[in-house]
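You will see two complexes here that share chain A, one where it goes with chain B and one where it goes with chain C.
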Partner chain A sequence: MSRTGILDAARPLAESSVVGRLDPRTRVLLAVLFALTVVMADNLASLTLALMAAVILAVLARLSPRQTLRRLLALEGFMLVVLALLPFTVPGRILAEPLGFAASAEGLAQAAAIALRANAVAVAVMALVGSMEVVSLGCALGRLGAPERLIHLFLFTIRYIEVLEREYDRLRLAMRARAFRPGCGPHCWRSVGYLFGMLMVRSLERAERIDAAMRCRGFTGHFPSLDDAGSERPGMLDWGFGAASCAALLLVAA
Partner chain B sequence: MAHIPDGVLSNPVLMAGAVVSVAGVAFGLRGLDPVRVPKVAVLSAVLFVASLVHFPAGLASVHLLLNGLAGIVLGPAVFPAMLVALVLQAVLFGFGGLVALGVNTMDMAVPALLAGGLFRLLWRDGSSRARASLLGAMAGGGAVLLTALMVALTLALSGREFIAAARLVALTHLPVMVIEAAFTAAAIALLSRVKPEMLARPA
Partner chain C sequence: MIRLEDVRFAYETARPVLDGIDFTLSAGDKVALNGPNGAGKTTLLHLMVGLVTPQAGRVIAFGRPRRAEKDFVEVRARAGLLFQDADDQLFCPTVAEDVAFGPLNQGKTKAEARVIVHQTLSELGLEGLEHRVTHKLSGGQRRLVSLAAVLAMRPEALLLDEPTNALDDATRARLLDILAGLPLAMVIVSHDRDVLDRLANREVRLEAGRLT
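So, the complex of A and B:
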C-alpha cells in the first residue's frame, strides 16, 4: 500500500517540448476533438492512423515511455474482460473453434477496433493533458467555460490530495509501527476503514480551519487567479498546431 | 472500477450518460454554497486518496470505489466531486475515457446519491453504534452493487455482444462489494462516535 506522490504524474517533465509550449486551452480542446473523432471512426485503417497520431503526440510531449506503458497496462485489465469474449459473442464468419466455442472474424475485428480506440484516446489524453500541471488544467477548463464553482472544487481537491496523502502516510506509518500488515480479511478491512474514518474527521477539522482563514481574507466565492498566464490570446504555435491537428483528424475521420 | 474506456459504448448510451451527469452536476453545484467548497474538496480528496489504496484479495488486488461513503458525507455535492475525481484519474492515470466521462460519472454518482439518501433516512443522531455500522455496510456494499449493475447495464445496452462481458464485469465486483461493506461499516461507526454531525448533515 505504498505509493509515491499521486500528483507527481502531472509534473511537466520537459517544459520546452512542442506540446509543452502550447496554450493549455489548445491542448484541452485538441484532446476532446481527438477523442470525439476517434469514438466516431469505425474502420481499422483510420483507427490505426489515430493510434499512430497519438503516439506521435506522446513523443512530442516527451512522455516517459516506461510510465506510459505501465499506465496502459492498467487500462488493458478492463479491456481484457470485455474484449476477450467478443470474438465468441459476435455472430459471423467462423475463424476458429477453440474448445468448441466458435470465434468469429467480425468479433475479432470489433475487438481490435475497440482496443485501438481506447488506447489511442488514452495515449493522446496523457500526451496533451496529462503532461501539464493539473492546476493549469483547472484554469484552462475555467476559461473554456466550465462553471466557476466546479473549477474551485477541482483546484481545492488537487491542493488537498497532496496534503492528505502526507497525512495518510503518517497514519499508515503509525499502523506499521504497531505491526499492522495488510492482509485479506475483516481485520484489515476494518482497520483501514478506521484509518480513513479518522482521516475524514481530521481533514474536516482542517477544512473548518481553512474556511475560517479564508473568511478572514474576505473569500466570498470568488477566487482571484494570480497566475493568469493563459489569459493572453493563443499564439501562432497554437493556431498552427491546431490547424495541423484538425487536418490530421479529418484524415482519420475520412 | 467504473472506468469504462473510450470506444466501447454506443453513442445513445454515451449521450444518455452525459445528459444525466450534466443534470446531476448542475443540481449538485446549485446546492453548493461557495464557502462550503473547501469542505467538500477536502472530503473528496480523502476519498480520492482512499480509492488508490489496493487491498490484497487472493492472487489479485482490488481497490475501493467508496461511492457509498462519498454519498453519505457529501450529499448532492457527490456529483461534481465524482466528476472532478474521474477527470483527475483520466488525465493522470489514463483510467477511463474522455467521451465516456458522462457515463462513468453517472455510474458512480447515482448509486452514491441513493445510498447517502437512504442512510440519512434511517440514521438518527443517537442511533446505536451497531445500527450505524449496519447502515454503513448496507450503504457501502449496496452502492458498489448498484454501480456494478449500472456498468453492466451500460455495456449490455451498447450491444448484444457485450452481454456476456457485462455479466463478467458484475461478477468481478462481488469481492469489492464485501470489502467495501466492511470498510464503510468501520468508517461510519467511527464517525458516528467521533463526529456524528458529519453524518447528520452532509458537507
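So, the complex of A and C:
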C-alpha cells in the first residue's frame, strides 16, 4: 500500500535494530518508566538529558528522521499556543516587555520544561513503541497483564480501522464523483451528516457479519489463544538494555 | 445432510424473501444456487447454519431438527460457510490465529490446532502466509485464507457465497482448482457461469421466494 494510511505507525521500521530485537514487553515497560521519570523530573538540565536519551533511543531504533520530525511537528503545532502564552501569563521576574506585554522568566522556564518534556516522551515512545507492529504491542500488553477484554477491543480496532477507513474513502469518493464540495450551508452539513450516519450503519452491519462469521466457526463467547509465546523469557539483551536504561533514568531523575 | 422443509422467512412481513422453500443437500451433491440479486440466496445459506431463524418450517441438519442457537453450533462446524466478504471472516491479527480459531473452538489443543493450521495452509499452497498479519493480505490471499479457515474445521459440507467475487483471473483459477478437488458436498451461490459449470452437478433457481 503506497498511500499513507492510519496504520502507517504500525509498520515495523527496522526489525534488525537493537530496539527492534528487544522483547515487546521490555519496550512497553521502558516507555512507561521513561514517561513517568520525565514527568516527575522538573529541572531543565535533567529534562535536556532525557531528551538526549530519547534521541539516542530513536537512533538505536533506526527511526526515519524525516518521518519522526513530521510527527513531532504535529505535536509542536498543538503545543505552540500554550507555549507562546505561558511567559505572558505566569507571574514572576519580568524579562522583557514586547508590545507592552510582560514576559516572565518563570513562565519562559515553564514553557521550556513543557516543550522538553513533551518532545522527550514523544520521541522515546516513537522509538520504543511506535516502531513495533501494533499487533505485537497488543500481545505484549496482554502478557503484561492488561485486561483481556481491553486487548481484544484493541486488536479488533486495529483489524477493522483500515476497513472502516476504506469504507469512508469510498463514500467520500462517491460524494466527490457527484461534484460535492465541502462548503458552508445546510446542504453540506446534511451531506456530511449522511456520510457519518451511513458509516455508522455500515460499521454496525459489518459488526453483525463478523459476529455471524465468528459463530460459524464455533465461537461461543470465549477467545481461544494460539499464542504461547508467554513461555519465552526475556533474553540477555532485554536485561542488559533494561539495566542500562534504568541507570540512565536514575541519572535523569537525580 | 441438510434439509429445509417448507421454510418461510421475511425481513419485513409484507414481503417474504423465502416463501415455502423445500431443499435437500445430500452427500456428494454440488448444488448451484442462482437467482436475481436480492432473491435471498445468502439468506438461504444463513438459514441452513442458523444465522437467521425461519418464521415457519423446519431445518433438519445431520439427522436432527435444529431450532435454537445451541443446536446450530455443531451444524456450523460440519457445514462450513464461506462469506462473501473475506474481511468479515478474518478477524484475528495473524493468519495462523485465524485458521486456528475454528479448531480451538472445537476443543482441539494448541498443539493439535497448530498441526491443523500447518496442514490446511499447505494443502492450499499458502505455507508462506502463516505469520502474516491478516489486514495486510491482498484480496486474493484473503479469500484463500478465509477458505483455509473454514476447511480447518474439517467440515462435511461447504456453503459458498459468491466465492469468486472480485478475484483476478489467476486467483479465481486457483480457487476453482482447489474447490474442484474437494470431496465435500457444496452449495454454491454464484453469478459466474464458469464456476457453476465446473463445480456443480445440480442447479436450482431461487426466484420470488420459491425454488425451481
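Operating definition for what follows: the second predicted complex is superposed on the first by the 235 of 254 C-alpha atoms of A that agree within 3 Å, B and C clash if a C-alpha of one lies under 4 Å from a C-alpha of the other, contacts with A are read in each partner's own complex, and residues count from 1 in each chain.
The rule is short, and it goes like this: a contact is a pair of C-beta atoms (placed from the backbone, for glycine too) under 8 Å apart; a residue touches a chain by one contact, two chains touch by 3 or more.
All figures in this text were calculated on a predicted structure; none of them were measured in a lab.
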Which of chain B and chain C A:Val135 touches, first, second, both or neither: second
Partner chain(s) touched by A:Gly218 [first = chain B, second = chain C, both, neither]: second
Which superposed partner A:Ile158 touches (first chain B, second chain C, both, neither): both
Touched partner set for A:Arg206, first chain B, second chain C, both or neither: both
Partner chain(s) touched by A:Phe180 [first = chain B, second = chain C, both, neither]: neither
Which partner, chain B or chain C, touches more chain A residues: B
Footprint overlap on chain A, comparing chain B with chain C: 1, 7, 156, 158-160, 163, 206, 210, 214-215, 219-220
For the chain A and chain B complex, residues of the former touching the latter: 1, 3, 6-7, 9-10, 31-32, 35-36, 38-39, 71-72, 74-75, 78-79, 81-83, 85-86, 88-90, 107, 110, 113-118, 121-123, 125-126, 129-130, 134, 137, 147, 149-150, 152-154, 156-161, 163-165, 168, 182-184, 186, 188-194, 196-201, 203-204, 206-208, 210-211, 214-215, 219-222
Residue ranges of chain A touching chain C (in the complex, touch as defined): 1, 7, 133, 135, 138-139, 155-156, 158-160, 162-163, 206, 209-210, 212-220, 224-228
Chain A-touching residues of chain B, taken from the complex the two chains share: 1, 3-8, 11, 14, 25-26, 29, 32, 34-35, 37-46, 48-50, 52-58, 69, 73, 80-81, 83-85, 87-88, 90-95, 97-99, 155, 160-165, 168-169, 172, 179, 182-191, 194-195, 198, 203
Sites on chain C touched by chain A in the complex: 46, 49, 51, 73, 76-77, 80-81, 83, 85, 87-89, 91-94, 96-97, 100-102, 104-106, 110, 113-114, 117, 133-136, 149-150, 153
